[in-house]
Amino acid sequence: MKNQYVNLLQEGDYVNDYFVATRRDLRMAQSGSKFLGMVFKDKTGEIGGITWRNAVELAKVFEVGDVVNVRGRVNSYQNRLQIQVDQVLPLQESDYSIDDLIDAPDTSGDDLRSFRAILDSVQDPWLRKLLDAFWNDTDFVDAFGNAAAAKKWHHEYRGGLARHCYEMARLAEVMCELFPEIDRDLLLLGVFVHDLGKLEEMTHGLFVDYTDSGKLIGHLQIGADMVQEKMRGIENFPEKTRIQILHFILSHHGALEHGSPVVPKTLEAIVLHHIDNLDAQATAFSRIIGETRDKGQAWSDYLPLIERVIWTKDD
Amino acid sequence: MKNQYVNLLQEGDYVNDYFVATRRDLRMAQSGSKFLGMVFKDKTGEIGGITWRNAVELAKVFEVGDVVNVRGRVNSYQNRLQIQVDQVLPLQESDYSIDDLIDAPDTSGDDLRSFRAILDSVQDPWLRKLLDAFWNDTDFVDAFGNAAAAKKWHHEYRGGLARHCYEMARLAEVMCELFPEIDRDLLLLGVFVHDLGKLEEMTHGLFVDYTDSGKLIGHLQIGADMVQEKMRGIENFPEKTRIQILHFILSHHGALEHGSPVVPKTLEAIVLHHIDNLDAQATAFSRIIGETRDKGQAWSDYLPLIERVIWTKDD
Amino acid sequence: MKNQYVNLLQEGDYVNDYFVATRRDLRMAQSGSKFLGMVFKDKTGEIGGITWRNAVELAKVFEVGDVVNVRGRVNSYQNRLQIQVDQVLPLQESDYSIDDLIDAPDTSGDDLRSFRAILDSVQDPWLRKLLDAFWNDTDFVDAFGNAAAAKKWHHEYRGGLARHCYEMARLAEVMCELFPEIDRDLLLLGVFVHDLGKLEEMTHGLFVDYTDSGKLIGHLQIGADMVQEKMRGIENFPEKTRIQILHFILSHHGALEHGSPVVPKTLEAIVLHHIDNLDAQATAFSRIIGETRDKGQAWSDYLPLIERVIWTKDD
Amino acid sequence: MKNQYVNLLQEGDYVNDYFVATRRDLRMAQSGSKFLGMVFKDKTGEIGGITWRNAVELAKVFEVGDVVNVRGRVNSYQNRLQIQVDQVLPLQESDYSIDDLIDAPDTSGDDLRSFRAILDSVQDPWLRKLLDAFWNDTDFVDAFGNAAAAKKWHHEYRGGLARHCYEMARLAEVMCELFPEIDRDLLLLGVFVHDLGKLEEMTHGLFVDYTDSGKLIGHLQIGADMVQEKMRGIENFPEKTRIQILHFILSHHGALEHGSPVVPKTLEAIVLHHIDNLDAQATAFSRIIGETRDKGQAWSDYLPLIERVIWTKDD
Amino acid sequence: MKNQYVNLLQEGDYVNDYFVATRRDLRMAQSGSKFLGMVFKDKTGEIGGITWRNAVELAKVFEVGDVVNVRGRVNSYQNRLQIQVDQVLPLQESDYSIDDLIDAPDTSGDDLRSFRAILDSVQDPWLRKLLDAFWNDTDFVDAFGNAAAAKKWHHEYRGGLARHCYEMARLAEVMCELFPEIDRDLLLLGVFVHDLGKLEEMTHGLFVDYTDSGKLIGHLQIGADMVQEKMRGIENFPEKTRIQILHFILSHHGALEHGSPVVPKTLEAIVLHHIDNLDAQATAFSRIIGETRDKGQAWSDYLPLIERVIWTKDD
Amino acid sequence: MKNQYVNLLQEGDYVNDYFVATRRDLRMAQSGSKFLGMVFKDKTGEIGGITWRNAVELAKVFEVGDVVNVRGRVNSYQNRLQIQVDQVLPLQESDYSIDDLIDAPDTSGDDLRSFRAILDSVQDPWLRKLLDAFWNDTDFVDAFGNAAAAKKWHHEYRGGLARHCYEMARLAEVMCELFPEIDRDLLLLGVFVHDLGKLEEMTHGLFVDYTDSGKLIGHLQIGADMVQEKMRGIENFPEKTRIQILHFILSHHGALEHGSPVVPKTLEAIVLHHIDNLDAQATAFSRIIGETRDKGQAWSDYLPLIERVIWTKDD
C-alpha cells in the first residue's frame, strides 16, 4: 500500500515509496561527467528524478516500465519539484497495487461490448470467419480491450482503442444509410482492422511507448501481418477480399505524407479514412478543451501539432 | 418542342434546334485571325461549335447561359463531333421547354424537407430567430432548394446543396450522441450556413458558373454577408453567437491553403469541417465509380485533382 | 507618480509600485499544485512575476491589461530577475500616469496628417463619400491614429498603422506614375482599407493582444464588415466598386497559405499586396538591425520566422 | 511469322498481322456515342487504333496483354498514323513468335549471375537460409530474372530488376569497404529484397502494367509478404533479423511522401535507400541522353517528372 | 522587302518569303519515321511549319535564330494554319530588312537614358568606378540597351531590361526617402547589377532563348562573373563592397526555392528583392490585362504559372 | 602546459587556465542590464561562462576564436556547470600548446594522399592543368588538407573534407565501371571541386564558424570563384569545360530548395550529387550511432534535422 503520492510531495520531503519508472536517460553533461535523469509516475501525477552519483550503475538496476521503490529527497529545480535520488529498486508484482499507479476510467468493457454488438451484424461469411478467428483468440480479445488508440493525441488511455472503434462504427452505420452503395460488412471490417497494429506498435501496460518493431516497421505493417495470420487459418479466403482488407489498413492515414504507402482508392476506404479522422480530431479537441478549462483558461495554450489555439467558449 | 438531341447528332446532320450556350470564347488564332468557340448543351450531353465567319459579330448576339437556336453542320474534329455554326439566335422563355435542357432527378424537395425537419429541432431562441429569418424569406427558400453544392466535384446538380446539408445534418446528429459536449443547436446552424455563399458565388440556372463576386470575394465572404444581413434584422442578436457563426463559415475549409482565412478553433467548427469533407469525398467517389462503371471500366481514369485512380471493385 | 522602474530593479529589492499586467496564467505544476505566472510592464521594460500562494484567488483579482500595484521581492531565476509576488491590486485611471507606462515616439500625428493629405487627392465621387464617412467618424479617427499595424513584426507601436499606410501611399503614387493604367483613386482606397480590421482584431491600448473575434474571424472579415457598414450609409453605392474594395481587403495577403481566402486578381490588388509586403519587410529588417546594433552584434540572432540571420554591415 | 511491322506502316496500308494489345479503352464521346481506343505494339514501335462500329462488342473480344491479329486501314490523325480497325482476334501462343513482339537485349542472364555471385558471399547462417529459400524456388528465379525494375523511369526492360540489383550490390560493396561498421551481409540482403514486390505489383510479360494488388497495396506490402512467406519456412528465424529486413523494404523509398510508411532508421537502411536512388537516377539520365541523341538533339525535351531538361553535351 | 506577312496568310496560299526560324525540332513519330517541326516568325505573328520529306537533311540546313526564306503550302491543322514546307534557305543580313521581322516599340533609348540619369547621382567613389567601367564598355552598353528582362513573363521585349531597371530605380528612390537608413548608392548599384547575367543567359536578337551556359550555370553566376571581371580592373576594390554586390545578385530571387542560393540578409538586399518582384508582377498583370482585352474577354484565361484568372474590370 | 581540463572541472573549483573562446554574446536581460555569455573549449569538452560585471568592457578584450586565459569560479546552473568569470585574457601562440585544445584523429594525411592518388589518374590535359594549378599552390594544399567538410552534420573535423572527397572518389570509380558512358576524368574533377568553397565559407582553425562571405554569398559562389581564378591562369582553357565544372559546383546540392541555383543536368552532375549525398548521410548516421552507443542508448535522441530517431541495433 502506497503512502506518498506525487501530487502531495513537497519540497524537503524524504521519499520512500513506489512508482512506475517512465524515463531513464543516462546523459553526459557538457563537462563530460554523467548523470541519470528519471521520471516516476503514479495515478496522481509524475515527478522527475536525478542522480549524479553512480549514475551508470543505477541505470542498470531497472528498466523503463518497471515499478520501483524510490528513495530520495524532494527539492525544487526550475520551478518544478524533483527527487534527488539515492536508491531505486525494482519490485515484484506482489509488492504493489496497480490501482495506486493508474487511474483510468474503466468503461472500456462497455465500449468493447457495444462495438462487438455492431460487428455481430456482419453477414458476409468470409468476413464472419475472420471476425470469429479474432474473437475466439482470448489473448487477442484481452489485448484489444486494454489497448490505447494512440500515445498522446486521442483515445490515449486503456480501452481507448475500443472506444475509438465503437465511435467509428456508429459513424459508419449512418454513412451506410446515406450511401446504400457502401458495402456495410466490409466497411465495418475496416473499422475493426484499421488500427490493429497498434497492439504491437506500442506497449499498453503501465507505460505506453513505441516498441522496436513499432519504430522500424510501424503499425500498418504489423496490422497487415496480424490480419493475414488469421486469414491463413481460413481455408480459401478470397484473394479479392484479402487485398481490400489490406488496402483498408495501408490507406487509412489518407495520404502518403501521413504515412500511408497507398492512398484510398475504394469508396469504403475513403469513408474509413474520413470517419477515423473526424473521430480522432473531435476527441482531441474535446480533451484539450477539458484540460484548458481545468487550468481556468478560456483559450488553450498554443498547440504546435495543429498550429492553433482552441477556444473553450467560456468567457 | 425539341427534335435534335446532342446524343443523337451524327456527322453530316444539319442542326436547327435549341440548346443552352455554356461557352462563348472569342479567340485569336496564332495567325492573327479571330474565331468563335462555343459549347452547346441539352439534357443528353454537350457539343462544341465553331465559326470563323463574323466571329466578332456573332459573339455579341448571345450570352453564356442563354437558350439559343443554333443552325449549322455537324462535322468531326479530333475524334469529336462539332457544329460548324452558321447562326445563333437567343430565345425567349416561352420558346423552349426547360425539361429538354436539364435532366436532374427532382428529389431536392424531399432532401430539403428532411433537412428542415432536423433544423426544426433547434431550441436556442436566437438561432431559432435566425433560421426563421431565412425560412420566411421565400426568395431565399427557392434559391436554396435549387442550388448545387459545387460546380463539379460533388453534389453538382440542382438540389445538391440541400442534399449535402441533409447528409451533414445526419452525421452531426450522431456526433452529438457520441460527444454530448457538442452544442447541437449551434452545430446544426453551422451545417445550414456553411455553404450559403454558394447561392451567389455561382449561377445555379441552366448553366452553373462562377460570378464576378464569386471570383473576387468568394463564397465565404458572400455567406458571411448573407448571414449578417439577417442578423441585423434581429434586435440584440448576441455578439458571441454572431462570431461563432461567422467562424463556422470562415473556417469550414479547415486550412488556410484550402481557402479558409481562419482554422477551426472550437469543437463544433472542427466537427463541421470534417463532416463536410467526409460527405463531399464519399459523394465524389460514389459519382466517379458510377461513371467508371458506365464506361465499362473497372478502374477510373486518372483523376488529377486527387492524384489517383479509383476502383469500382468490378473485375 | 512612479518610483520603481523595471530597468532599475535589482535582486533583493522589495517592489511596491504600479505596472501594466500583460500576462496572467494560472498553471498546474506537474506535481499537481497550482501557481500563477504573471508579466508586468512599464515604459522601461518588462519583468516576470510568480506566486504559489493563493494562486487561484489572486488570479481573480485582476485582468490582463489592467494597471496594477504590485508588492513582492525581486529575485533571480534562470538568469532573469522576477518578482515573488505578495499582492496585486488593480488601480483606477486616476491612480496612475500613463506616461510612466508607455513610451512610444508620438509622431503618429504627423504620419496620419501626411497620409490624409494624399487621400485628399482622391477624386472619384463614391470613393470620396466612403472616405468622408470614415473621417467624419471621430471614434474611428481616434482609433485609427492610435493603432499599431501588427503585434510584433513591423509597425508594432501606437501610430504604426498610420505610418505603414503613409509609406504604402507614397509607393502607390510612384507606381501610378510608372503604370498610368493603374486606377489611382482605387489603389489609394485599397491602402486605406487593407488593414482596417486590425482596429478590432487586436487591443491597441497599454497592452496589444488578439481579441476573441480577432482569433475566430480575423482582421480580413472584421475589416470587410467595417467598410460595408459605412457603404450601407451611402445610398446607391456601386456594387462593382464594393466588390473591388472587398477584394483588396480579402486578397492583400497575396496567397491562400498566408490567410487570404482569394488571391489578387486585378492590377490594383496585386500592386497593393506587393507594396504592403515591401514596406513591412523593409520596416522589420530596419528594426532588427537597430536592435542588433544595440546589442553590439554585427549579425542578428537567428530569426525563425524568416529563417535567417541579418547583417548590420558593421564589422 | 510477322510481315507488317509498326515502323514500316504507311498511310493507306491495309493491316492484317499480329501485335500485342496494350490499351483497350471504351470511351463515350461527348455526343454520347461510344468508341473503342486501342494501342498495338510490336518490337519496332506502337500505333493507335480506333473503331466506332461495334465498339462495345469488340471490347469484349480481347484483353489488354493479349497477342491479337488486327485488320484495318492505316490513316493519319493529328500527325500520327493510326489504324481504323475492322477486326481484332486474339491468338494462341502457337500462332505467333514472341521475338517479333519484344526486342530487349537479353543480357539479363549475365546480370543475374553476377548478382548471385555477390550474394553467394553472404555468411550469416539465417540470411543464407533465407537466400536459399528463394534460389531453390525455381518459379521465383524465373520471375526474378525476367522482371523489369520499373514501368518507365529506369531499368524498365525484361531483366532490368536483376541489372538494378547487381549495380546496387557493387555500390554496396564499396560502401562496406569505406564504412567497416556496415553489416555487409545484411546490406546485401537489403539489395536483394528491396524491390521483390515488383514481381507481383506489375505484370512482366509482353505488356508491363500495374496489377489490382499493385494498385491497392503496393510493392512494399507485396514484397514484405513474399519475404515473410519464406521466413515462415525457416524454423526459429530470428525476430530481430525479421524486422530489419522488413525495415529495408518499407523504408527504401526514403521518405513518407515518396511512399515509404517508415523512414530509414539504421545505417544499412539509409545506405540502401541512397544507392537505390543513385543507381536509378544515373540509369534514367543515361537512357534519356541516349534517346535525345537518337533524335539529333543536344538538349532533351522538358521532363516534367524531374522538372528540367538534360544535356547530352553534344554541340 | 517582304510581301507575305504571317497575319495575312490564308489556307491554300503558296508561301515564298522570309521569316525568323524560332524552332527546329527533328522528331520521331511513334511509328518510327522522322519529321521536322518548325516555327517561323515575323513582326505580325508566328506560324508552324512541318515536313516529312528529307527531314534529317533539312534540319542541317539552318539554325534556330536564322533568318530564312521559306517555300511551302499553307494548310490548316487542328484549327491552326501551318506551312507544309518544301524548302528552307538561310539568308545573309543584306538579304532582309530587320524591321519586317520585329516590331518592338523603340523606347528603350529613353528608358536607358532615364535610368543612367538616376545612376549618375551615385557618389560613392568605388561604386562610381564600377559603374564607369561598365558605361565605358561600348559593347556592354549596346547589349544592355537591347536586352529583354525575361523570356516570357515580364519586360520580354528588346529594351525590356532597361525599362525594368528604370522602374526599379524609381521605386528605390522612394524607399530611400522613407527609410533614410538605406544606403542609396549601394541599392542603386543593386538595381543595376541584379539581372546583368541575363545578357548572356539568353540570346537577345531576333529570337530570345536560353544559352547553354544559361541552362547550366544560370544568370546569377553569369552576372556575378561579369561584375567581378570589372572589379578586377579596379585596383584595391574593397572586399566588403564586393561581397555586398555579389550578395545582391545571388539573393535577389528572395528564396532558395526560387533559385537564389542565399536569401537576402541586408536591408538593401531585401528591398531590392521586393521592388524587383513588385515591378515584375505589376508589369505581367498589365500585359495580361491588355492581351485579355484584345481578345474581348473580361476575364483572362487560366494562368497556370500564377494559378488564377485575372480581371480586366471590363463588364 | 594546461592543468585544468573541462571534463575534470567540478562545482566550486577556481579556474585559472587557458581555453579557446567559441562564443562571446553581449546580451541585455529583460530588466535592461547587460551581461556577457561566453563558451570556452578545450580538447575534452566545452563549458559556459557568464559575467554581469563590466560585461561591456570585457566583451572588447577578446574575439571569438582567441585562445584566452580564464579566471573564475565554477558553479552549477540548470544542471550544467558554468564559470562565473572574473577575468579573460587573450594569449600569444607561444603561450599555449595547441594539442591541449583540439584532439582530432590526425589521419587526414592518409586520406589526402589516397584522394590525390586517384586524381593522379586523370588524363584529360586541361583537367590535368587545372589540378596541377591547385596542387602546386602550397597554401591551397595546406588549407585543403586541414579543412572540415561541414560545421556539424558530417566530416565536421580537421581533415574531414579530404576524407569526404576520398570516399566520393571511390564511389565515383565504381559508377564509372558500371556506366562506361560517364566521363571519368570530369566526374573526378567534380568530386575535387564540389566543396572547395568551404575553405573560405568557414574558418577551419580552433573554432569552426561561418565567415561574412560565407553567410552572404555561400560556398557555391566562393568555390566557383576559386576555380575560375585558377582557370584564368591557364591559357585557352576551353569554355565548354569551364561551364561544366561550374555546373558541378552550382548544382551539387541537387535541388533549388537545398541551395543549388541550378539543378543537375548532365549525367556526371547527377552522379556527383547522389554520391555526395550518399557519403554524407552514411557518415552522419555512423557518427550518431557512435554517439548514441557512448551514451548507453539503443535509440538516438530525436534528430530534428532528419525528423527521426536512429537505431544502433544494440538491444
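The first chain written gets the first letter, and so on, giving A, B, C, D, E and F; residue counts start at 1 in each chain.
In the analysis below, a contact is a pair of C-beta atoms (placed from the backbone, for glycine too) under 8 Å apart; a residue touches a chain by one contact, two chains touch by 3 or more.
Quick caveat: nothing in here was measured; it's all calculated off a predicted structure.
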Touching both subunit B and subunit E (chains): C, D
Selected from A-B, D-E or D-F, interface repeating B-E by over half of its contact pairs: D-E
Angle, in degrees to the nearest 5, of the Cα rotation that carries subunit D onto subunit F: 180
Numbering shared by both copies at the subunit E-subunit C contact, with half separating same from different: same
From subunit D, the most remote chain by mean C-alpha position: C
For subunit A paired with subunit F, centre-to-centre distance based on mean C-alpha positions, whole Å: 43
Subunit B and subunit C: spacing of chain centres that average the CA atoms, whole Å: 40
Whole-Å gap separating subunit C and subunit D, where each centre is the average of the chain's CA atoms: 59
Residues of subunit F touching at least two other chains: 78, 212, 215-216, 244, 265-266, 309, 311
Chain contact graph, described as a line, ring, star, complete graph or other shape: other
Every chain pair in contact, whichever chains are involved: A-B, A-C, A-D, A-F, B-C, B-D, B-E, C-E, C-F, D-E, D-F, E-F
Residues of subunit A defined as touching subunit C within the complex: 6-9, 44-48, 78-81, 294-297, 299, 309, 311
Partner subunit F, residues of subunit D touching it in the complex: 167, 170-171, 173-175, 177-179, 181-183, 240, 244, 263, 265-267, 270-271, 274-275, 277-279, 281-283, 285-286, 289, 306-311, 313, 315
Contacting residues of subunit B [partner subunit E, same complex]: 25-33, 35, 50, 56, 59, 77-78, 212, 215-216
Complex interface listing, subunit C residues touching subunit B: 212-213, 215-218, 220-221, 224-225, 228, 243-244, 246-247, 250, 256-262, 265-266
